[in-house]
Amino acid sequence: MTAAASGGAGGAGGVGGGAAIGVDVGSTSCKVVLVDGAGRLLASLLEPTHPRTEEQTGRLVAALRAEAGAELPVGATGYGRKRVVAARVLTEITCHARGAHALAGGGGLLVDMGGQDTKVIAIGPGGEVTDFSMNDKCAAGTGRFLEVILARLQVPLAEVAATAARAGAPVTVSSTCTVFAESEVISLVAEGRPVEGIVRGLHVALASRVAALARGRLGAGPVLLSGGVALNVAMVTALAEALGRPVQVLPGPQLVGALGAALSVLPRPAGS
Amino acid sequence: MIWRRAQYEVAGRVAFPMLTALEGWQRRLKGSRRRPGGGPFGPPLESVGKLKELMSHHYFQGRYADGAVPVAWVSSGFPVEILRAAGFHTVYPENHAALCGVSRLTPEYSDVAEARGYSRDLCSYVRTDLGSLLSGKTPVGRLPRPQLLACCTNICQTVLYWYRELARHLDVPLVLVDTPFVHGAASPHQLAYVEEQLEELCLVAGRVSGRGLDAGRLAEVTRTAQEGSRLWGECLAASRARPAPWTGIDGFFHIAPIVTLRGSEACNDYYRLLRDELNDRVARGVGGLKEERHRLLWDNLPVWFAVRRFSTLLAERGFNFVSTSYTNAWAEAGVGIDPSDPVGSAARTYTHIILNQDLPNRHGILRRLSRDYGVDGAILHSDRSCKPYSIGQVDLRERLAAELGIRVLLLEADHNDPRSWAAEPGENRLAAFMEGFE
Amino acid sequence: MRSEEIRTQRERHGRKAVAVLPIHYPKALLTGLDLLAVELWGPPGPPRGDQAGRIQAYVCAVVRNALAFLAGGHADAVDGVLFPHTCDSLQQLATLATDLGGWKKPAFTFLHPRGPDRPSARRFLEAELRRLAGTLEALAGRPLTDERLAAALALHAEVDAARAALLEARARLPMDDTRLYALLRRGEWRWPADHLIELRAALATLADRPVQRGLPILVTGYVPEPAALLGTLNQAGAYLAADDYAAVGRRVVRAAPAPSADPWKTLVDLHFAAPPCPTRAADTAPRMAHLAGLAERSGARGVLVHVQKFCEPELFDVPVIRETFAARGLPVLVLEGELEGTLSGQAVTRLEAFVELLGAAGRAA
């Protein structure tokens, strides 16, 4: 298991009692963050989710507590949230809203594209959730959709954005059902269509599916993007095109939920 | 009102014929793009030009209908004779949605409806139509605003919800004709209920149109509609010949007049022309395909966005749909209406639409069509968007195959939404089905 | 429990049992003929047996599960099945199961008029009720006299009144949702007179003032399955304060019409007095007025729309429900299910997030 720490131990040295830890146990990765009393991100750890949630999160929390030198309170979120020893347990909807609100400095519409689901969350001016929707029981509109089909095309995730950028016009992929799209893509390749164009077409198809979730909830505020898929520049471009609005990728897009969980146990939540 | 009426009449009598003539002249200048006899198909039907003219005329004149004549939006199984006799210009949202489907506009329009909260699991006609209404987009230029919405539950209960939503968005009154489902035979109280509603409809239609409803006119329209159904039936029956003089896919497009112009002389004139051409082709042994090797039956709505693709795939291997339960429904139903008892006969006829009857009746129709048209295979389109037409097909497939000794394919698709159609595996299944005949 | 009730009613009272598919049916006809109605809402969970494969996967789980259940012999304890015309899919199931295989015992249909309350609809309904009664008489082996029907109507009026009282006074009832709904849903299969006793026992526990401390929610939808949904809501700090589930509140006549001297007329009146239901082609305006009324009376802070995937009657109303409550500032959660046996993690997250949202909105206000 590799642990990626974004903050140095020195930076976290004197956080004192006002700080907090947030844990986001997702279906694919487990994220733990440390914030100071003002809600600033000091350190983070990210690992693939282990089946033994209690053990894994216990170990990661202990590591950050050691770094902070204090028994900081823990806020937990994500699918595995109920198996984390925590002072407060909240859903990832509420935590993403709080995290995004802190990072963006206000409300807006957050699109969170994770591996297994995509969430659209309308965030009010105080960081509260005013409405939300999630895609239903189907990989269409999730990171999984891209993962499955890119694997078929043998395009490594690291090269996706560059590949899509090289494309001229996107090749139309009409199916947004993962199963259908997979066979459609196979036939497009068989027809000799350029892989670059297909990759771009996949992003366009996925973006249109996500935009359909978001469209009815677009307000005056900015469109924010979080989740692992936000690291994919091609997806950001496609989503902005589908919505006809600029899309702002939040810093540390995978950590937004964990950040929100940490903020939820701060004695004085940032922004309140 | 008078000015609007003049525009409507001019659009129908002068402007449209001029546009058609102009288009024909331009086509001649460019030289015909159609290669006669190209591909696996037989020579194209001469009547097709007239069909395009007829339908374009209908939609073109419709642009000027509101304010000029009373307008009603109507479901396909509705007893339209009453509305026509009261002077309504009728618009069929189902036909309009199918037009959008053929042009592959459903995903775009559906997105608009979905953004308003309509589930993607709702019928794709409805999503297309509501998306078109809410976005103001349509490929026909403009649809006239209705004064009346009219739907009948004999094709599904979905139309009821669909029209209720139209009524809400357009703020227009809705008349509902409720036809209770028929198990075995319709009961007397069932028919009395429908007849009473039709009597109510006569009053409403006359009142909304402001023209009243003349009994003589209703008998006349009924006679015309009955004749239209009979003529349409004769067109379809031409395909009992070998080779069939046209393709089943031609039939899907030629159904438009009997659905949308039923009860008008223009509809009947067209079908006389078509029937004569088909019979002439039969006499000369001209087929819809150059080489007809296998004859198929189609059940359920067409897959509008892939109709041409399917017909080509099939035709390339010598397969033709010589009969479809869908086009047959309009031939069978209408002949039951009777000018001597327009309301009573309409109650009986419109209650006995194929989709308003039990599965043994459906089974009987499919069996009869299979025998009458001498088919050696059938494709049952399992239509995600049409539950009443699709539930039961798994059993019907087995029974038809066993009883008639024919190959039967259950093909999963959707009548309007290409996003619900897995093109690759679907076409593979179609190819494997055809290979089974060799 | 159901099979035990069927056995008990048969052995002790000589009553036959009729399985009934959703949603609306004239239960008093069955009671008046000494027939025990046992409702079949799916049943939930994966289909029992492979017969569900006879219906395409894009059809709702209610219909697919019901076919598998009937064809698998799991309903053989009953003497007949009643198929009300509820929607296109249930209607097709009626002909599929009885005509093409799946159910061999007696089958009954009930076609209710769709659309507004009009004289033609009333005449049709009465004739249809009499026809249904005639076919049920053959199964029961006794005639349905006006006296028996009137007595059954009186019993059902009491049951309805008790159910309405429990639902309307929800906040004063010291009982969690899991227990309350278990009680209300026993009415789907218990003999009505026995059910009335337990309803009255629950009514006797009503407090003078509100005892429910959670966030009040209005629910509309099909059926409260999986039942774990109720516990999840309660644990998250909310409760169902007003009910428009098709299986529960939507079948409780709140303002019962005065009984007529002619029991058949009373039956017809009851049909048109029931809360608006999309499966009976209710117009959206009265339905939204009914839902808004429920929300107001219960002080609901949010609306849960709990629908079944592919259920057109319910799905068509989702946009207008959203609009109606957006205008009133009440958040709406649409939760789609497929009659699962257990509540998915995603569904739990949505419900909890919704309660968090309502809590935050309450604090802000």
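For reference, chains read A, B and C in written order, and residue numbers begin at 1 within each chain.
The criterion applied here is as follows: a residue touches a chain if its C-beta (ideal position, glycine included) is under 8 Å from a C-beta of that chain, and two chains touch if they have at least 3 such contacts.
Just so you know, these numbers come straight off a predicted model, no measurement behind them.
C-beta contact counts were set side by side for B-C and A-B; B-C has more. Relative to the C-alpha centre of subunit A, the farthest chain centre belongs to B. Per-chain Cα centroids separate subunit A from subunit C by 40 Å. Per-chain CA centroids place subunit B at a distance of 37 Å from subunit C.
If you average the CA atoms of subunit A and of subunit B, the two centres end up 48 Å from each other.
Residue positions 116-117 of subunit B each touch two or more of the other chains. Chain contacts: subunit A has no residue touching two or more partner chains. In subunit C, the residues that reach two or more other chains under the touch definition are 309.
Across the interface of their complex, subunit A is touched by residues 107, 111, 114-117, 418-419, 421-425 of subunit B. Interface residues of subunit B, counted against subunit C in their complex, comprise 116-119, 121-123, 153, 156-158, 160-162, 164-165, 168, 176, 178, 180-181, 183, 187, 189-190, 192-193, 196-197, 200, 358-360, 363, 382, 384, 387-388, 390-396, 399, 412.
Subunit C contributes residues 309, 331, 334, 336, 344-346, 349-350, 352-353, 356-357, 360-361, 364 to its touches with subunit A in the complex.
Those residues of subunit C lying in contact with subunit B across their complex are 53-56, 58-59, 63, 85, 87-89, 91-96, 99-101, 109, 111, 113-116, 118-121, 123-124, 127-128, 131, 278, 281, 283-284, 309-310, 312-313, 315-316, 318-320, 322. Residues 174-177, 179-180, 183-184, 186-187, 208, 211-212, 215-216 of subunit A touch subunit B in their complex.
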